[in-house]
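Below you'll find the structures, each written out as structure tokens.
In what follows, subunit A forms one complex with subunit B and a second complex with subunit C.
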Partner chain A sequence: MLEGAELYFNVDHGYLEGLVRGCKASLLTQQDYINLVQCETLEDLKIHLQTTDYGNFLANQTNPLTVSKIDTEMRKRLCGEFEYFRNHSLEPLSTFLTYMTCSYMIDNVILLMNGALQKKSVKEILGKCHPLGRFTEMEAVNIAETPSDLFNAILIETPLAPFFQDCMSENALDELNIELLRNKLYKSYLEAFYKFCKNHGDVTADVMCPILEFEADRRAFIITLNSFGTELSKEDRETLYPTFGKLYPEGLRLLAQAEDFDQMKNVADHYGVYKPLFEAVGGSGGKTLEDVFYEREVQMNVLAFNRQFHYGVFYAYVKLKEQEMRNIVWIAECISQRHRTKINSYIPIL
Partner chain B sequence: MASHSAQTRIEAQTIMKARLKGAQTGRNLLKKKSDALTLRFRQILKKIIETKMLMGEVMREAAFSLAEAKFTAGDFSTTVIQNVNKAQVKIRAKKDNVAGVTLPVFEHYHEGTDSYELTGLARGGEQLAKLKRNYAKAVELLVELASLQSSFPGLNVLLLISSQSWMRESEKSFIGLLKLTVIDHFLFSIFQRLYLLNDLLVYVL
Partner chain C sequence: MAALDLRAELDALLLQLLGDLEELEGKRAVLNARVEEGWLSLAKARYAMGTKSVGPLQYASHMEPQVCLQASEAQEGLQKFKVVRSGVHAPEEVGPREAALRRRKGPTKTPEPQSSEAPRDPLNWFGILVPHSLRQAQASFWDGLQLAADIASLQNRIDWGRSQLRGLQEKLKQLEPGAA
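After this line comes the complex of A and B, so read on.
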């Protein structure tokens, strides 16, 4: 790819980059979060959100206001913005945005497969699917009798087809545990996304590759941590680690042998980036490993906005917006359950 | 003649006394049963109140851990609901005997493995494990509460019945005692008159 993105990036993508930067500027600040934390009821929360960029998004809701309604409305808003970006994008940005939706598509497909196997009605499952992961063949899922039928008839048309082919032969789809399937699909998705960014080169690769590498390493650590004490064998665990990132290949081999948290910590100590993260676990705030990883992800996403002329801003914006949604839902739950001790455990963004 | 009447009098008295004793023993036994039931009733009531207070705390904790899990793992509710097949925690009903009265008792037991072991493998597994523990505790507490509350009305009715019968018995024995005293006095006065008559007759003849 030619260097010098600043010469031609704005021709195709300048409008959208400007738009996404404008959206990013409307993310909630620390002051907004302080105001939200001081609310006593969900109605107060709604009033405070009206002063931010959210505006009157809850105006049409009937009483009583619940946390799930807030969540659904926020997600609708994010989807609206994302669909706008996608509809106005040109290649290769549109492929990039499609890659971003693949992770939601994987979750939706797993849900649909499960539902089809259990003979549940498609309509109710469609309602539960993530809107960002919508694909055109979704309604046709109930035609398939077995997972292999499903794959041959329907999934082969979606962008997920290569990921399924990577994981296994069609026959194995029937017996595989649904969670293992989900994680294997996600692994091949991440690898494909990483290859795409790397091949694109330029500033996008500079910005996206470290973010994706961190995502891969994070998955490796979390899968290892959560598989202690379950029936997941070490070999199975190793097949779920994405094959790129700082931990590849020596770290992953060491991780596959780890049997408890301390051994995992020893592996992390070899890497300068992960040593301080693991040290921050526990400590005074009772932080878990996942909290620490979320904070680091937010940091990296915010830094992505410091460079111009790359696609990483879209990825970073969506991830930051999702984190903001999670924060607001957390604060809303603490308020509605009147359990304010941990209300400040949200992850601050700006 | 005097001795003969005295004998019948003593016999009559002994019979009445035996009947009175029988009634009194019966009454005491019933009182003991009623006392035992009352004691058990009070214990259960105390336990119900304690369990209900604890239930409130435990449910609050469990609901909060659900919010924590959702914060880290995202929305896993559809996955969980879809994969439901067999119950992991089941209950057995047993009979418990208290002062001759059988009361139902529920006991929970685990069966089968956790089918949600790998949920949240890539995100939120720790919080999900904590969530599972909290809700398991809530379910166990619920089973205990159900057991207590199901024996409560049965016990209540039994207590009423037994206290009624105890009261009837004590009334009966009280009346019996009253009767005995009256009859005793009556008999005594009759016998006194008989003696006087007897003496008079002897004197005349």
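After this line comes the complex of A and C, so read on.
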């Protein structure tokens, strides 16, 4: 790749970078969160959100306001912004943005297949699918019986097609296999995304590769943690770990043998980045491993904005916006359940 | 003398009634706490997994109950309630049964006995690798269930105690028309 991105980047992508930096500046501040935490009802929350950049996004909602409706509207708003970026982008930024949507597509496919298992109507599920992961063949996903069916008949035209190599099998799609399929698809997707960023080189690789490595390691830890006490065998577990990141390959081998949280912590203690994270788990705030990982992710994404002329700002903006949505949904849940002791467990961004 | 015995019985019954009421208050407070904890753990699970991954999309509209209520008659026509797992009446099986979630290799040639499967853990509606908070929610709600059955039995006992009390007070009035 040509070095000196600062000379050529703005020709194709300058407008969109400026736009995304403007969007980032409108994320909620600590003061906004303090105001939200003091609300007594969801209607109060809606009124406070109107004073922020969210504006009247809940204006068309019928009573009663629920947390689920707030979440759906926030997602639609993010999707609107993202579609604007994608429609105005040129290569290779458009491929980068398409890679970003693949993770949502995988979630939607799994949601549809689970819905088919529970005999839900397709329309019901389509309403709850993530708008960023929409693709035209979505309605047909629920008729597939095996992963090969799914690939050959339906997903072969979508961007998900290249990720199916490890997942082709004739096994019927029951709960265990759907979970395995989800994790294997995600693993292939992450590896492909990492390769794309690395091959692109330049500032984008400098910024995106550490973020994606952290994502791979995070997945390895969380899969291991959640697999304790389930039917998932250690060999199966090892096939779900993405093959890049700081933990690859020795850490992953050790992690595959772990049988409880302490053994996992011992593996993490070998890595200078993860040792303090694991030490922060538990403690007085009652933080879970997912919480500390989300905090670290926010730190890395905020730092991405310190450099210019790379695509990482788009990825970082979407992830920060997602964290903001998680924060707002958490505060809304605490308000609607009238259980305010943990209401301050959100992660402030700016 | 009969009046004295009756008064003693009345006192004993009243004491027991008050004790039961205190126990009921305690159990109600614990039930509320468990249910609140359960819902908060569900919210935490939504934070970790995504809001739409823990919701009405994940369960079927028709489901088989895992737990049943068993009513039994104790002494003096008093009803006690107990929570019992359904599916205890297992069908007659000859060979070893496979766990419901085994990954089947290759196309299944032999038809599996479809008469009645072991009831599946509702935790698996949300996937196999579920976060800890979801398991905590399940444990809280399960505790709440046990408590609810105890509370129902206690309330029955209290109602019965009150009717006994009234009966004894009537008898006392008849024995001592002036003193009651």
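In this text, the second predicted complex is superposed on the first by the 321 of 350 C-alpha atoms of A that agree within 3 Å, B and C clash if a C-alpha of one lies under 4 Å from a C-alpha of the other, contacts with A are read in each partner's own complex, and residues count from 1 in each chain.
Following the convention adopted for this analysis, contacts are C-beta pairs under 8 Å (C-beta built on N, C-alpha and C of every residue); 3 or more make two chains touch, one makes a residue touch a chain.
On a predicted model such as this, the values are computed, not experimentally measured, just so you know.
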Which superposed partner A:119 touches (first subunit B, second subunit C, both, neither): second
Subunit B versus subunit C as contact partner of A:227, first or second or both or neither: both
First (subunit B), second (subunit C), both or neither touched by A:277: neither
Touched partner set for A:288, first subunit B, second subunit C, both or neither: both
Which of subunit B and subunit C A:326 touches, first, second, both or neither: both
First, second, both or neither for A:186, with subunit B first and subunit C second: first
Touched partner set for A:339, first subunit B, second subunit C, both or neither: both
Overlapping contact positions on subunit A, where the subunit C interface meets the subunit B interface: 111, 114-115, 118, 120, 125, 128, 177-180, 182-183, 222-223, 225-227, 230-232, 288, 290, 326, 329-330, 333-334, 337, 339, 342
Sites on subunit B touched by subunit A in the complex: 60, 63-64, 67-68, 70-72, 78-79, 82-83, 117-127
Subunit C residues within the subunit A interface of the complex: 36, 39-40, 43-44, 46-48, 50-53, 55, 57-61, 99, 101-108, 124-125, 127-133
In the complex, subunit A residues that touch subunit B: 110-111, 114-115, 118, 120, 125, 128, 177-180, 182-183, 186, 219, 222-223, 225-227, 230-232, 240, 288-291, 294, 326, 329-330, 333-334, 337, 339, 342
Residues of subunit A touching subunit C in the complex: 67-68, 71, 107, 111, 114-115, 118-120, 124-125, 128, 130, 170-172, 174-180, 182-183, 222-223, 225-227, 230-232, 288, 290, 326, 329-330, 333-334, 337, 339, 342
